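One chain, chain A, appears in both complexes that follow, with chain B as partner in the first and chain C in the second.
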Partner chain A sequence: MLVMGEVHTGLLQNSGEISESTCRQVLGLMAGETVRVSRRPIVHALSPERLTGVDCALPTASRSRVRGVGTVVSRCAVTGGRVAQGSSYARVVRSEADRRLPWSHYLARPGVVEVLGKVKAADLAEGFTGDTVPGRPDGACLDLGAVSGRFLDLVQQSPLLDRRAPFKIPRTNLRWVAETGEPSIRFTLHAEQERTLRLTHPGPFTPAVVDLCEDLATHDWLLTSLLVIVERARIGGTPGAQAVARLAPAIDHLMHLWMPAARVEEWMTPFWESLERRPGFTRQWRSLVDRVRDQVAMNTLALLSATAEAGRRSP
Partner chain B sequence: MLVFAISDKGGTGRSVTGTNIVYRHALQGNDVCYLDFDFGSPTAGAIFSVSSVARGTRENGLHHYLRGECPQPRRVDVWAESDREGLRARPPGAGRLVLLPGSEGGGELSALTDEVVGRCVQLLGRLDEEFDLCMIDVSAGRSFTAELVLAATVRMPAIPFRWLVFHRWTRQHIIAADGLVTGADGLLDVGIRFGHDAEDLRDRIRFVRTAVLEPDAAELVGLRDEQRAWLSACDSELRELAGRHGVGRTAMLGKIPLDPVLQWREQLITDEDVLASKIANAETAAAFEELAKKIVDDSAWEGL
Partner chain C sequence: MTPVHATFGEVAAERRIASVPLSHVSVELGHLYMEDYEAGPDRLREQFRRVAPWLATVRSLWQERVPGGRARVSTCFLVDDYFSRFSTPAELVPMVLEAAAEHDLTIDYLARESACAQSGGVELARLVEDRLVDDPPPETDGSRPPVKETGWLCNGSRSPRTAPLQAMGKARPWEPPAQNAKRGHSIFVDVELWDEKGPRRTWSCPFLAAVWQLLRLGLLRSDGRVPLPPVALDGGWPRDWDELPAVVRLNPQAAPFSAYTTLSVLSPRFLPVELAVRTILSQFAVDDEVLRQVATRSEGEGIRLEEELVDRISYVFV
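== the complex of A and B ==
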């Protein structure tokens, strides 16, 4: 019917970026299973997947009661040794039975949640990502965000991290729904840290869809965080050296991480390209990066001319 | 940085001083939040002039959250939701100022379970990712709430935290403040039981004197010489007493003068109150501002 997921993204709670081998240890949540690491064009480490059993109401825009039973897939990721994620998703399908089956049935279908009773895909999709239902789902409802948040906590609480992150920054939450159909993509910014994504792709669901959503969440977080840091610097409202000092964390820790669509399969790149046209992630990122670099350059020039001036006065 | 605000006695000035400190810290350019863990009477909303949560919130308050009744506690952006004109716009350069209100009619925590501690750890850990300073009003005296945060901080060894013990400048308050820290079932006692290191914990505790009337204060100008001499003698006696109880100058982070505005109403002291309407004393605002700096100034927190 459809796939729904939620990705939480935050700054890894460590003073510096962590090495590939530390990434492996931090993400090795399950003994015996390996962490998948890709190195080019940026180090990306992905934990083994874990299942969470659910038997609860599903969010619907119509507020009709829909029961879902099955399992949710979750995993954690670290990008560039710096950006941490907790990500969960479930494929929602109609159940062939009209009552709950033994757990062995659901365990044999990892990442599938079966709907008992009647429901329209659009009702679920709207319920999960629509504007009509503001705020977070209530306690009785499937809350993928709560699961993803806990997985991100697992990473952040790792004893291998020193918790001395270079700056304070909120997490962002991306809720997404993917369906099969005529290709389209819609990304929406909501209040504060909430974002939603509606994706329609040709052919059946594959995990590459999840990779795309995670990649998008990473870049939305990078952009959001750079905007916050630039705002905090108060360029123009504060002495240049001070503004540059406040921009330093962005230069040290964020600016080299922008690698859109790096982990996205070839056939999915048109989705990224569409988002690059509107809202234009990379355009906004570049303009911010230029702004940061210009500030640093101007401040360096000012320092140089001040030094030269001082040199002329006292030969 | 997590800062736990506690006092032995109620009505000490813990909430008024704590909220004014985070307000000043936000003005100094930091992202701050205030957690109303005073579950018996969560009134921080009133001090921030957010009338919708003046006595806590009916839904998604901190108490609901700790009991597992909601996935995340409600957050109130004070710059957006305060009823006070002077607070409703974020001044240029100021950081975020967020209140996490308690639950209306929530009542004190009645037991300390592993789930409750786990939720507390999760909440404080996440807030520490995004806020420079989180001030937690732990309520007065020995309570499950104090035990809760002592248990939680043991489980987050890498997250820096500090304690502020508020007390008035009287015999009873000085002795009580010392007792709350070093007495039976006091902070150190309970902290050690939960696995804190005694010396380490001791170094993270400082005292704050509230509503202090200095013998040379302007308010006392009209007094007779005999009265002034008597006050002065009292003050030095108290200083000696405080020293003996480990509540003296070295363990003190700061003191807030008695202010006429605060005596009449629990509120934030804005610069407008000092400069424009002139109802509050400049010394009071300056004392809050200094405390807001000292709270994160490591040199003020070197070992005793």
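== the complex of A and C ==
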């Protein structure tokens, strides 16, 4: 019917970036399962996948009560030894039975949540990615955000991290829904750190869709964070040297991480490309990076001329 | 210039899952504990006498089911060297084989129970524990981590605590536990997976028996590899259990150790243990890729396997 997921992205709670071998240890969430690491064009480490059992109401725009039973797939990732993610998703399908079945039935379909009773895909999609935070006033409703948040916490609380992050920056949450159909993509910024993504792709769902959502979440977080840092620097409102000092974390920790669509399968790259046209993630990123570099260059020039001035004055 | 299509691969970024040769059915001919050993060889002979007709039955059932009648049936025998150490392989194994031969039974594979906990640097029990996915009671929405009693696993919701939390509080009346997938009434099962005394963890008998079933079903992988592949023994039987490989191939012509399905012929006194085993296995998540491998293979030879893992396991209690 559809796939729903949520990705939480944040700055890894460590003073510097962590090495590939540390990544492997931090993400080793399961005995006997290896952490997958790719090194080109950026180091990206992905934990093994774990399942969480759920039996609860699903979010619907109509607020009608829809019960889902099954498992949610979760995993963690670290990009560039610096950006941490907790990501969860579930494929929602109609159940052939009208009652809850033994648990082994659901474990034979990992990552599938079966809906008991009638529901329209659009109602679920709208309920999950609509303007309001999914939830029901009268009881428990599938909380993928909490699951992803816990997986991100699992990484952040690793004893291998020193918990001395170079700057404070909020986490971002991306809720997404993917369906089969005519290709389209809609990315929406909501209040604060909330984002939603509606994706329609040709052919059946594959994990490549999840990779795309995680890649988008990483880059949206990078862009959001760089914006925050530039804003905090108060360029023009503070002395140049002070502004540059405030921009330094961006140069040290973020600016080399921009690698859009690096881990996205070829057939999914048109989705990234269409977002590049509107709103133009890379365009905004480049303009911000140029702004940071211009500030540094201006400040260097000012320092140089000040030094030269001082040299002329001294006998 | 025509466009060049580039492909790039990274071994560390891929997930490689080895496949395992599979029989149609793995039949456990017996499970030897110290008490059985102490009861002498007659107890063993009695066990094999009871098992023999069931092995013949399951063999003929599979011969009917498989095109051409070429059923792959392998037999195995498990010795407990985990909860108590008794005798030595050199003394015990020949005795077991002899008792089996008296009833025309061939034991293809012999395994040590302690290997289900740990062997050859692979902690199978930990591996299985990490893949348990708790059966969620209704209204489990993911907002909180699953309610766990460390070292225990159940099939529903436990009774709320009846003791008052504060000295002044009133004791709550007893409320029953509930099975999640109950049909009318609950059969609530709560299984102890392990206990710890100091640094040493002792896995429970049902937990190791669950690992044993998974090993026989060929559903476990450690770093993508098949753990504890059977080894033929060169030379004689060692004097120490630790020197014995985890799974020994006794019969060079044997069908593969692991199988699509398993059958265990047991005394009814093991019924509670096996209920616990099924409770554990109902909450074990087999790797997606491994599930697919087994499904593809079985469909390739025209066999439809039960979807659920617990339905691939059968018993004869005699």
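Some points to look at:
Methods note: the second predicted complex is superposed on the first by the 306 of 315 C-alpha atoms of A that agree within 3 Å, B and C clash if a C-alpha of one lies under 4 Å from a C-alpha of the other, contacts with A are read in each partner's own complex, and residues count from 1 in each chain.
The rule we apply is simple: contacts are C-beta pairs under 8 Å (C-beta built on N, C-alpha and C of every residue); 3 or more make two chains touch, one makes a residue touch a chain.
Keep in mind that this is a model prediction, so the values were computed, not measured.
With both structures placed on the common chain, the touch criterion links A:104 to chain C but leaves chain B unconnected. Once chain A of one complex is fitted onto chain A of the other, the partner contacts of A:171 are limited to chain B, with no touch recorded for chain C. When the two structures are aligned on the shared chain, A:13 is found in touch with chain B, with no touch to chain C.
More residues of chain A lie in touch with C than with the remaining chain of the pair chain B and chain C.
Of the two partner chains placed by the overlay, chain B and chain C both lie in contact with A:146.
In the superposition on chain A, A:56 makes contact with chain C only, not with chain B.
When the shared chain is aligned, no partner comes close enough to touch A:194: not chain B, not chain C. Overlap of the chain B and chain C interfaces on chain A comprises residues 139, 143, 146, 150. Across the complex, chain B is touched by residues 10-11, 13, 136, 138-139, 143, 145-146, 149-150, 153, 156-157, 161-165, 168-171, 232, 234, 237-238 of chain A. Listed in rising order, the residues of chain B touching chain A in the complex are 29, 31, 69-72, 92-93, 95, 122, 125-126, 128-132, 156, 158-159.
Of all residues in chain A, only 29-34, 36-40, 44, 51-57, 69, 71-72, 88, 100-105, 107-108, 110-111, 139-144, 146-147, 150 touch chain C in the complex they form. The part of chain C that touches chain A in the complex is made up of residues 8, 10, 12-15, 122-123, 126-127, 129-131, 133-146, 155, 180-181, 220-224, 227, 281-286, 288, 291, 307-311.
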